[in-house]
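Pasting a structure below so you can have a look.
Chains: A, B, C, D, E and F, in written order; residue numbering restarts at 1 for each.
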Amino acid sequence: MHEPEDASVAIIGIPFDGTVSNRPGARFGPEAVRSATLGAEDYSPYLDRDIATVSIHDAGDLELPIGDTAAVLRVIGENYRTLTAAGPRVVALGGEHLVSLPLIEATHERYGDDLFVVQLDAHTDLRHDYLGVALSHAAVMHHVKARLGADHMAQIGIRSGAVDEWRELRAHPYFFGSLAPRPLESFPAFARETLAGRPIYLTIDLDVFDPGILPGTGTPEPGGISFREAMALLKSLIDARADIIGADIVELAPDYDHSGISAALAATLLRELILMMGKP
Amino acid sequence: MHEPEDASVAIIGIPFDGTVSNRPGARFGPEAVRSATLGAEDYSPYLDRDIATVSIHDAGDLELPIGDTAAVLRVIGENYRTLTAAGPRVVALGGEHLVSLPLIEATHERYGDDLFVVQLDAHTDLRHDYLGVALSHAAVMHHVKARLGADHMAQIGIRSGAVDEWRELRAHPYFFGSLAPRPLESFPAFARETLAGRPIYLTIDLDVFDPGILPGTGTPEPGGISFREAMALLKSLIDARADIIGADIVELAPDYDHSGISAALAATLLRELILMMGKP
Amino acid sequence: MHEPEDASVAIIGIPFDGTVSNRPGARFGPEAVRSATLGAEDYSPYLDRDIATVSIHDAGDLELPIGDTAAVLRVIGENYRTLTAAGPRVVALGGEHLVSLPLIEATHERYGDDLFVVQLDAHTDLRHDYLGVALSHAAVMHHVKARLGADHMAQIGIRSGAVDEWRELRAHPYFFGSLAPRPLESFPAFARETLAGRPIYLTIDLDVFDPGILPGTGTPEPGGISFREAMALLKSLIDARADIIGADIVELAPDYDHSGISAALAATLLRELILMMGKP
Amino acid sequence: MHEPEDASVAIIGIPFDGTVSNRPGARFGPEAVRSATLGAEDYSPYLDRDIATVSIHDAGDLELPIGDTAAVLRVIGENYRTLTAAGPRVVALGGEHLVSLPLIEATHERYGDDLFVVQLDAHTDLRHDYLGVALSHAAVMHHVKARLGADHMAQIGIRSGAVDEWRELRAHPYFFGSLAPRPLESFPAFARETLAGRPIYLTIDLDVFDPGILPGTGTPEPGGISFREAMALLKSLIDARADIIGADIVELAPDYDHSGISAALAATLLRELILMMGKP
Amino acid sequence: MHEPEDASVAIIGIPFDGTVSNRPGARFGPEAVRSATLGAEDYSPYLDRDIATVSIHDAGDLELPIGDTAAVLRVIGENYRTLTAAGPRVVALGGEHLVSLPLIEATHERYGDDLFVVQLDAHTDLRHDYLGVALSHAAVMHHVKARLGADHMAQIGIRSGAVDEWRELRAHPYFFGSLAPRPLESFPAFARETLAGRPIYLTIDLDVFDPGILPGTGTPEPGGISFREAMALLKSLIDARADIIGADIVELAPDYDHSGISAALAATLLRELILMMGKP
Amino acid sequence: MHEPEDASVAIIGIPFDGTVSNRPGARFGPEAVRSATLGAEDYSPYLDRDIATVSIHDAGDLELPIGDTAAVLRVIGENYRTLTAAGPRVVALGGEHLVSLPLIEATHERYGDDLFVVQLDAHTDLRHDYLGVALSHAAVMHHVKARLGADHMAQIGIRSGAVDEWRELRAHPYFFGSLAPRPLESFPAFARETLAGRPIYLTIDLDVFDPGILPGTGTPEPGGISFREAMALLKSLIDARADIIGADIVELAPDYDHSGISAALAATLLRELILMMGKP
């Protein structure tokens, strides 16, 4: 365990699920992922590298106010800025998807308009508000898009949303997936052309995975991507020499999966992200 | 099923758990109780009466905004006032304990300072705020007390809280239970002396029950009361000719109990409350 | 393991739950009890005796037709007669409560009008029919009563039923329990006076127990008896020198209890019954 | 919510699982699907249409006698005839697969010999009887076939059955799947050639899906189809301009899946069927 | 969090369940208790004291070899000696009951023959060996007894064991419980007479509790003690001015209790032990 | 059921999980598979053959000492030699993967250096020891390789391990899978060239399957093979006329899968192996 100043990657847990409209419990995501890492290997055969080679800082879980969403996002943003200012790149563990908003905002401040956001998700999250509430997990990518522009983000694996969201999504230039104008298989070429050397923020809503392999999430949607497809997407980012400078893994609701396979998948994903972002 | 105007008792579901600090999921309480009533008998051998003899209105579940606690409480209060204005006495199904606050406030407006609140609970809920948030399930009885005064409420079964809450609780004239100055057995005499003919609001946080018989709740506390003890408390209210003019059953988090015994208990309790409050 | 002819006690599984109106799954009861016996001790500290001292035959589980209740009961009765004719006393493992009917009928044929039935149960099971179907688990004790007479049966622990059933139950001379005219504590005296030396058939619907200790059943009812209370009831039968010549343990639905405590309780109960019925 | 006369699609729940030979609990299927629809979007990105555009009637769940299979099927048939006579096309929610029999019989009466049945299923259901009982879920497609003829039905996804059933199944002209003479990929061409404009009854036994994505069923069989494969099959029916005039979704046993992914899949499937069958 | 040298109480996790003969999983006990403490209050209304007033060191979980019981016990003993040598009294979190053996041995070395062991347990654990293996959880108290003598230990709550164990147990001078010569109620007097000022090691096998309130254990036995009874036992030790110089809480197998009530009870118990053993 | 002498295939359960480092519970694997076979068909549509045509002996489960790994392996080896000496080929049901070691050793003694081992697994199991313990499930294939040589074994589906294991694995001539130099699709050709007529021992660690379809295992690893892929591998052994003279199915930990799909898959696999190994 390293101090932030000496670490090339930091992990931070954000146990917030206050705007979840369906099944709550993503607040227990960080604890479940940490626990599952104990049963996982340190070595990745996908990347042929061991996380023992990366200097890691675990910043623990944030303590958050309850019932005041704006205050929560403020606390998240402040802590994230402090942590990244110390040096390391950060993988955040949600918590619901809304936690990505202050993370991406802070990253945008730091890296400027070259920043590109890659979203893996079952849901568009493009609502302008949800039941009148703008700060909602269902609106998180709307806010990101309003800030960065549609040409600075890719949406992958989406298969659920309201009719207005889909109208918008279908017009999105970088929408990849089985229901998208662009198939998953075209992502590597896109990445090589557009993302090489560019600062990338990667936000992974775990419900992008098929519910069969990730049942422990708030709103499971049938027909998701497989683990191998996800690994191929990550590999295409490496091959494209994209520069992943921030990432999050959100929407693990472990109490809905007594088998623990959801947390095990998330822990493996965390290992891969650390290896992709960390310097030896 | 009757219209509100023709009903002597109405049921309303309040699927809110936005300030829960431990395990969420009380939002699914109303659905679970309704489902469990299908497996329960209509006849109560405790009261020797059948709910077929009571005219009941089911007002369904409230639709609530997400992430704005004050707005939620406002919506609850408004709907409750409208419903009670139409005639029936209401049993509310939570949701977390904070939902009781607007219900008790509205009841207080209607019945005035003679109102007496009887709280069954594992927790004091007497915090002034929780992590700086005043509108918290952990503070609900503090707000009630501030409004009604300690001599207008009884607290039963409490066995958990912070040190300051307990200092306050121990000074409370009407605190009953195994850890209280007054044992449970002294409640009937108290009821006869103090509650006869008086308007009573009864708020039952299901975690007052022993976790062995009610595991499906957000914060289970060992050492709770038994079902027979609860039935004896209810019976002592009847024997004292107390006038139960409002009630709620809160903090059922059904996803933490796959056996369904928690919902079955809550459904039985609902039947008893309907029979106690309803006119033939 | 002994052959029926050499055994003083036989066990038979009756995996039938075809008339269950609430949650099914009692068909898996026999398998769950057998599995749970592997984790239980052979020695009973309650009776100071070891089942290694009893010659036992396990007759396995009956194969039953599906969807034809009358045929099922016929098959049960025939097998039971054959098994008891070979010598041993039998403990049957349900299955739903209706399986007791052919067992009690066959026992009545064999032992005549001196037979006395002791029923532990949460439910009266005194309906004349259920939704027009006479052969229902909810009517099993009505049929038994019609055959033996109310003065040849005791009903213990009942706390649920329809209004008509309770009218009948309250008039029952031998109704014991917390909601009965006769408290549980009066059973030992009754047993000494009425059951000494008499052939007793003991039918235990596991939902007589509190759902906290037996969640794995089709229709859990709050407020049941404890394990110690049940052991005291059994001991009072021994002390009264009652002659238990047949018994069943029914309504274990193990898939509703992932903790396995329901099956563990049933397995302990089975050991006690074997010891009470078996000769060394 | 519309009245039957004003609806183009009606939903009816048939909570029957009386002939299930393995794990029961399909009686809770309708309730679980309805509950899961609350967490699902109204808009289908697969069909680019919103169920808000369809006039829907929910006919609730049938009340059925218990323990008398013939009576159950009679009640189902009568209710179905009444409901369809009022106008809407009906999606039935099982319950076990035997409930399809009276539905298909009634549909056959109405649409005559042009009717074609498409069955998605893991099991042949071609037994002539099961343990001597003709009215069994394991025999439902045998009865359908006897009535309509093999050339009026397609069987898709089958991967389990007895040796005699498979002898018959292998000779079936329209058997599609990974173990069938005709691969799934050949179904669209078949549909275009044979089903265009024709009245189709679609019966979906959910165990056709891989147990990984649909664990909540009575008899899970490894090696099932994926959700995307199922969507492709449905789309090929649309592309072929087949006229789906009746459908059912059966064998959801929700208590075997605490993650809720099975019910979520079924709810999504229900949305798709409503959209395929309903007129704007 | 304090260093060992500055702490008056230390906690150590011992995730070992290598000799468990029934259901394993006690290795996850320490993690589950730590997690459950997050949902528990710091203040004890039983003792009117807050653990914020105690200086605590958390020594984490031991790393243990797998498959070599003797080596495991050696590692436990060494770590325990080192930790206690630094100053604090220790509460160990099992793990299976065998982990108590090296702890009690080390405590005996330190405190000498005045040491008295109080065992709360469902099982005698007095086997000389289990299937030929002497180092077994089923033999742990046999080894303790061989070292300290029967007159230096009390056994409370036992209700299961083999016939030979019970012969020995019944002769035990200090055996308390519902099946014991001495009822639980006589323990306070015994404590006052025998344990005042004396060094006490308290070993709590959680299966002493009724399975209804503690289902998450390897071998649940019906008929256990209640939480209030346990609290009364602890209080009688305080009242007797016994000097608890070591303690353990063992046999929590959390994966058998998805409701979490077992871990919540254990976490409450841990708080009480810390308060009883810690100096302000 | 046949005696060993008359059987062409025997089944034996080996309920051992003493060296499992992550989640234990494989000791309950044999019981769960046997129970799941009751819900499975006897006929295999994959092989077009019925297990009624094979003479089978069920040797039950071994009784094993607890806490002494070397003794356990000795008992397994002795029982296996006795059983195979009587005639039948044996399918062993684990238990953890270490149980394969004495089985393969005994098979090697009998069949000599022509023996070829085919391993399906998520993990290399090539550690020389695990935390200093050589007899570990994590080292089982290291011991096999040391005895047989790398050119006498194939490793399929591996996707997890330590860095040193992977260095060794990548050099392995016969490593097949999505992360291997040789894709799964090349196995049939390999089998035809190398395995025809040769004695094969097939060891299937169930965690080779994707956790979505086999969640009930100790250490689930995302990205596993599908059931169809496994069936294709088995079929390629048949097509290659390989002579499967021994097999095992290990690492089913059923208590981590309440849906039962893991045991159902294992039971189907068992049927296929029996059919592949048994003579009519």
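Note that a residue touches a chain if its C-beta (ideal position, glycine included) is under 8 Å from a C-beta of that chain, and two chains touch if they have at least 3 such contacts.
What you are looking at is a predicted structure, and each value in this text was computed from that prediction instead of being measured.
Looking at chain C and chain D, the chains in contact with each of them are B, F. Among the other chains, B has the CA centre that is most remote from the centre of chain F. Note on A-F: across the candidates A-E, A-D or C-D, the interface recurring with over half of the contact pairs conserved by residue number is A-D. Averaging Cα atoms per chain gives one point for each, and the point farthest from that of chain E is the centre of D.
Residue numbering at the chain A/chain D interface overlaps only partly, since under half of the positions present are found in both copies.
A separation of 38 Å divides the Cα centre of chain B from that of chain E.
Looking at chain E, one finds that residues 23, 210, 212-213, 255-256, 258 touch two or more other chains. Each chain pair that touches appears in this list: A-B, A-D, A-E, A-F, B-C, B-D, B-E, C-D, C-E, C-F, D-F, E-F. Residues of chain F that touch chain C in their complex: 31, 35, 258. Contact residues on chain B toward chain E in their complex (touch as defined above): 22-23, 158-163, 166, 178-179, 210-213, 215-216, 219-223, 256-258. On the side of chain F, the complex with chain D involves touching residues 39-43, 45-46, 48, 50, 210, 212-213, 226-228, 231, 258-261, 264-265, 268. The part of chain B that touches chain A in the complex is made up of residues 17-21, 23-25, 27, 63, 65-69, 130-133, 135-136, 255-256.
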